[in-house]
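The structure appears right after this line, and notes come after that.
A, B, C, D, E and F label the chains in the order they appear, each numbered from 1.
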Amino acid sequence: MPPRSRSRKLATVKSPTALKLPLPPRRKLPPDLKKYFDLCDEKIGFLPNVLHAYSFDETKLRAFIAMYNDLMLGDSELTKLEREMIAVVVSAANRCYYCLVAHGQAVRDMSGDPALGEMLVMNHRVAKVSKRQRAMLDFAHRLTTTPAEAGEEARQALRKAGWSDRAIWDIAAITGFFNMTNRLATATDMMPNEEYHGRSRE
Amino acid sequence: MPPRSRSRKLATVKSPTALKLPLPPRRKLPPDLKKYFDLCDEKIGFLPNVLHAYSFDETKLRAFIAMYNDLMLGDSELTKLEREMIAVVVSAANRCYYCLVAHGQAVRDMSGDPALGEMLVMNHRVAKVSKRQRAMLDFAHRLTTTPAEAGEEARQALRKAGWSDRAIWDIAAITGFFNMTNRLATATDMMPNEEYHGRSRE
Amino acid sequence: MPPRSRSRKLATVKSPTALKLPLPPRRKLPPDLKKYFDLCDEKIGFLPNVLHAYSFDETKLRAFIAMYNDLMLGDSELTKLEREMIAVVVSAANRCYYCLVAHGQAVRDMSGDPALGEMLVMNHRVAKVSKRQRAMLDFAHRLTTTPAEAGEEARQALRKAGWSDRAIWDIAAITGFFNMTNRLATATDMMPNEEYHGRSRE
Amino acid sequence: MPPRSRSRKLATVKSPTALKLPLPPRRKLPPDLKKYFDLCDEKIGFLPNVLHAYSFDETKLRAFIAMYNDLMLGDSELTKLEREMIAVVVSAANRCYYCLVAHGQAVRDMSGDPALGEMLVMNHRVAKVSKRQRAMLDFAHRLTTTPAEAGEEARQALRKAGWSDRAIWDIAAITGFFNMTNRLATATDMMPNEEYHGRSRE
Amino acid sequence: MPPRSRSRKLATVKSPTALKLPLPPRRKLPPDLKKYFDLCDEKIGFLPNVLHAYSFDETKLRAFIAMYNDLMLGDSELTKLEREMIAVVVSAANRCYYCLVAHGQAVRDMSGDPALGEMLVMNHRVAKVSKRQRAMLDFAHRLTTTPAEAGEEARQALRKAGWSDRAIWDIAAITGFFNMTNRLATATDMMPNEEYHGRSRE
Amino acid sequence: MPPRSRSRKLATVKSPTALKLPLPPRRKLPPDLKKYFDLCDEKIGFLPNVLHAYSFDETKLRAFIAMYNDLMLGDSELTKLEREMIAVVVSAANRCYYCLVAHGQAVRDMSGDPALGEMLVMNHRVAKVSKRQRAMLDFAHRLTTTPAEAGEEARQALRKAGWSDRAIWDIAAITGFFNMTNRLATATDMMPNEEYHGRSRE
């Protein structure tokens, strides 16, 4: 069966991307990064491939982790689920396989709603979210697909839906961040961990 | 938990669409259609919502079933899986939630590859399919997104990949069919059966 | 004169498409289909090429006829002219030569307005139709060009213009149908009967 | 019959556009322009509405006539029919009703091929023109729809098809000219003379 | 230094375009055109390359000058700066290097605002112009990018912003004109005079 | 003179964005950040507004600086000028005023070619760069405008032009980065320092 053999092959492949960049074995990483990777194993059950892919260069890996953790886990008016919802809507507009698999799972998991992640992946307009969240997702979609047009009118729509200027920064920054990672992942053909697919489906 | 309550609400809703069209109880259907619906229950485990939605009008329901069954189950050079792959790629281009959920599940099920359906939903270019299948999917995508440009050059690409003129008709007809159903489903906000989501995930 | 020679060549060509599919002589068709084709000759003056093209496969031909006749000739709030207007607007968006020629003629004929068919072919926004019809055509155009966005807001615009939910189904179904046939016709390079061009011009 | 009454109304309307600009009676025009208009009546059978529309300002009218006559009737490697073919393909891309009606008729008339004008209006890719003409039309279409991308590669395609640098200037200039007039006609809702519709149909 | 050598090369090149069209030395031009070119030298400091490029054909050169001078320098409700603003916004949408350099400089010069020209080149939505001017620029942008859609609704937006029907003609005509010249300049790879770059920067 | 008064107003404005986020006076920043800002003053002559804007949150500011400095100033096969060229081409596709002004100046400055920055801002296809650089810029443009399509074929074009897999990562990462910052800048209406405009023009 080809799919099975494909999965097995991925497991032994050195890099999760199509680029030939030598990735260090985890034991050769500096202690703090090794510890961070071990923590991922413990909390998530595996090391997300994006971190593995970035490990060819410590500086880049640290910069990525710092920005990601601030935006997705730091203080914000947005709940963590809302930030993941933005991640999926942006990645859907850009059709980024890696980010849709990883963050689609996060939305399914955090929301406890197996259909919500699918809706955001497929067409966020069908999702029954609050008006406030819908405004947030429409803004993220618009800023992704027609960035030159997301000006004062778009900000006013967010304010009208109840978002503060501080939240607008975060919505814009998270939207921007996934417009970055989507492009890096697609340009390098980064493949997500197979474990995401079966999770949070019921 | 909102998602649960949402599922429960859907289960008691009369119509799977946003249109207020009175749908007959199954027992009031003509015997042959009732039998067909019962057969769906038996084989699939439930009645696909699209059939339920169409049941407000017998003539339309019969025409839909006849065309669907011929294209997706009748004789063709294309395997049934290949036809489902086209269904998903077309529905992805059109971002049709109903068709992506239903036919994405079919691809996962028929291929035994839980990731393949996701790849076709998210970005068919990352799927590791045969050259012949890739040509088929590229044609379906092109005919969907820029129909005016899918002429002789596009047909030659299919022929070069090994498809006969008879197969080209089928690829075009199936691509056309889902361009029809995608629009009907989105325009009526047709919701897929919840059962699809958890199936064929491992 | 090149056009004349071109017409003559078409007249002797076996198939109205670019695909090499053997088409049966009419006398070899089953009696009911032969009778249907004869009726076309009688009523229209010729057999529309789309039916000739479909005749390589009886099942497909019957399914096409059944769906076409229901949508375009069956009961509906939409007049037959309105259905033809949708056919032309959809085909204009998709730039389908076959359907524009055939259904453009139908609009010219049914409306008695030689300019109306041309307006719908060229840019439906310049046509002086009723507000109700304009809403119908705008919906069909939008559902054709940006299907993912034709949701509740678009349905409300139709309802506001006076269309019932039952009519919305028909508008969506006819729009969907021509999105199917446009793609089949373009992908097979189906040529319309030359007779359409000169008709209903005054 | 609405279409008839519509035609009659147009005949008595003062301006062929939606703008309220006072147009002088023909007898008040300077002798040379009056003579030019009379010549149009004689040769074409009517005064093209674009000239009528421009007559609110003599300087603009003269500038338009000078540029039009040089491009469409002056010396060039392109035949007059080829220039009209460009006019139609550009106007089709821009969906300009006025120019499609007027220049579509010119293509039908000059070619003696009632279908050729329709093909260029509806989808120039289906027209059976020479390779040289196809290259010319593809260039005009590309320069119209994605002007920023029509650079050296596009010029080389024209040269390869047999066009000189002098011809490339003319193809670009005619394409540019109709990109101008299309926008002026659409922005002012300029209506073409009804007489065009029935002409050159057989 | 490559840029310097590049500038020097341009200075000795016979044509400012990529087309091999023999351009006459200025002394061989008819006296009135020679005088016009000398006047450019005197007023602008150099002969704009577009005039040099057009000089291969007197008739075309005269037609271009006549139309340009009427639209950009003749009577109009629009100030000369406003007309240059339209030129830049249209050329930005079409990404025409020649016109952006030449008319961007004109906006910087006429407005005395070194940033305004840059804003219009880069994204006119960020420019702090009057509501009336913003409506004018939005119309020009819309008529350029989606010409088929710039109908009555678009005209009403201009009227609401205070523009007369006479002004609407001029806005449409200037927008159309630069849609023409942008295409001619890009299709011939016309290069602007280097002198524009450094001017009006403070 | 309106432009002058506009400049003066900007100088006294508290925030360089349209968001009401309280920005700390520089003396209240932690010593290392204060030192970094002072270094900017010294080296550039002013503090780039993007850093000022980010200063409402130290964590975000540090993460931005770390990623920016690694990508634009760290080790890479790409020269610093080449990285700035990508920044401009990406920002041109997204029409980001802030980034075009700031990085357009950097290209003018680093290349010593006042026209090169303008070409990349307006239409990178007209710039006379090396084949290797053209491949890099075409990839960045494609990854920006159609991210879903930038796969193996696009990577092969880069490899063929002489870029290593390590360089492909950097090209993708820098392209991604400016797709992020473009969106943050546009969504917050971030204005660039006025000093950029006049610099490096000769």
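Convention: a contact is a pair of C-beta atoms (placed from the backbone, for glycine too) under 8 Å apart; a residue touches a chain by one contact, two chains touch by 3 or more.
Bear in mind the structure is a predicted one, so any value in this text is a computation, not a measurement.
A.B. asks: If I average the CA coordinates per chain, which chain comes out farthest from chain D?
C.D. replies: The most remote chain is A.
A.B. asks: Tell me which of B-C and A-E has more C-beta pairs in contact.
C.D. replies: Looking at contacts between chains, B-C has the larger number.
A.B. asks: Whole-Å distance, chain B centre to chain F centre, using C-alpha means?
C.D. replies: Centre-to-centre distance between chain B and chain F: 44 Å.
A.B. asks: If you average the Cα atoms of chain E and of chain F to get two centres, how far apart are those centres in Å?
C.D. replies: 28
A.B. asks: Among all residues of chain A, which ones touch two or more of the remaining chains?
C.D. replies: Residues 95-96, 123, 126, 148, 151, 186, 189.
A.B. asks: Pairs of chains that touch, anyone?
C.D. replies: Applying the touch rule to all chain pairs gives A-B, A-C, A-E, A-F, B-C, B-D, B-F, C-D, C-E, D-E, D-F, E-F.
A.B. asks: So in the complex, which bits of chain A are touching chain F?
C.D. replies: 18-21, 56, 59-60, 62-64, 66-67, 70, 74, 94-96, 139, 143-144, 147-148, 150-152, 154-155, 165-166, 168-169, 171-173, 175-177, 179-184, 186-189
A.B. asks: In the complex of these two chains, what residues of chain D are touching chain F?
C.D. replies: 148-149, 151
A.B. asks: Enumerate the contact residues on chain E facing chain A in the complex.
C.D. replies: Checking each residue of chain E against chain A gives 123, 125-126.
A.B. asks: Under the touch definition given earlier, write down the residues of chain E that touch chain F in their complex.
C.D. replies: Per the touch definition, chain E meets chain F at residues 1-4, 6-7, 92, 95-97, 100-101, 111-116, 118-119, 121-123, 126, 128, 186, 189, 191, 194, 197-198, 201-202.
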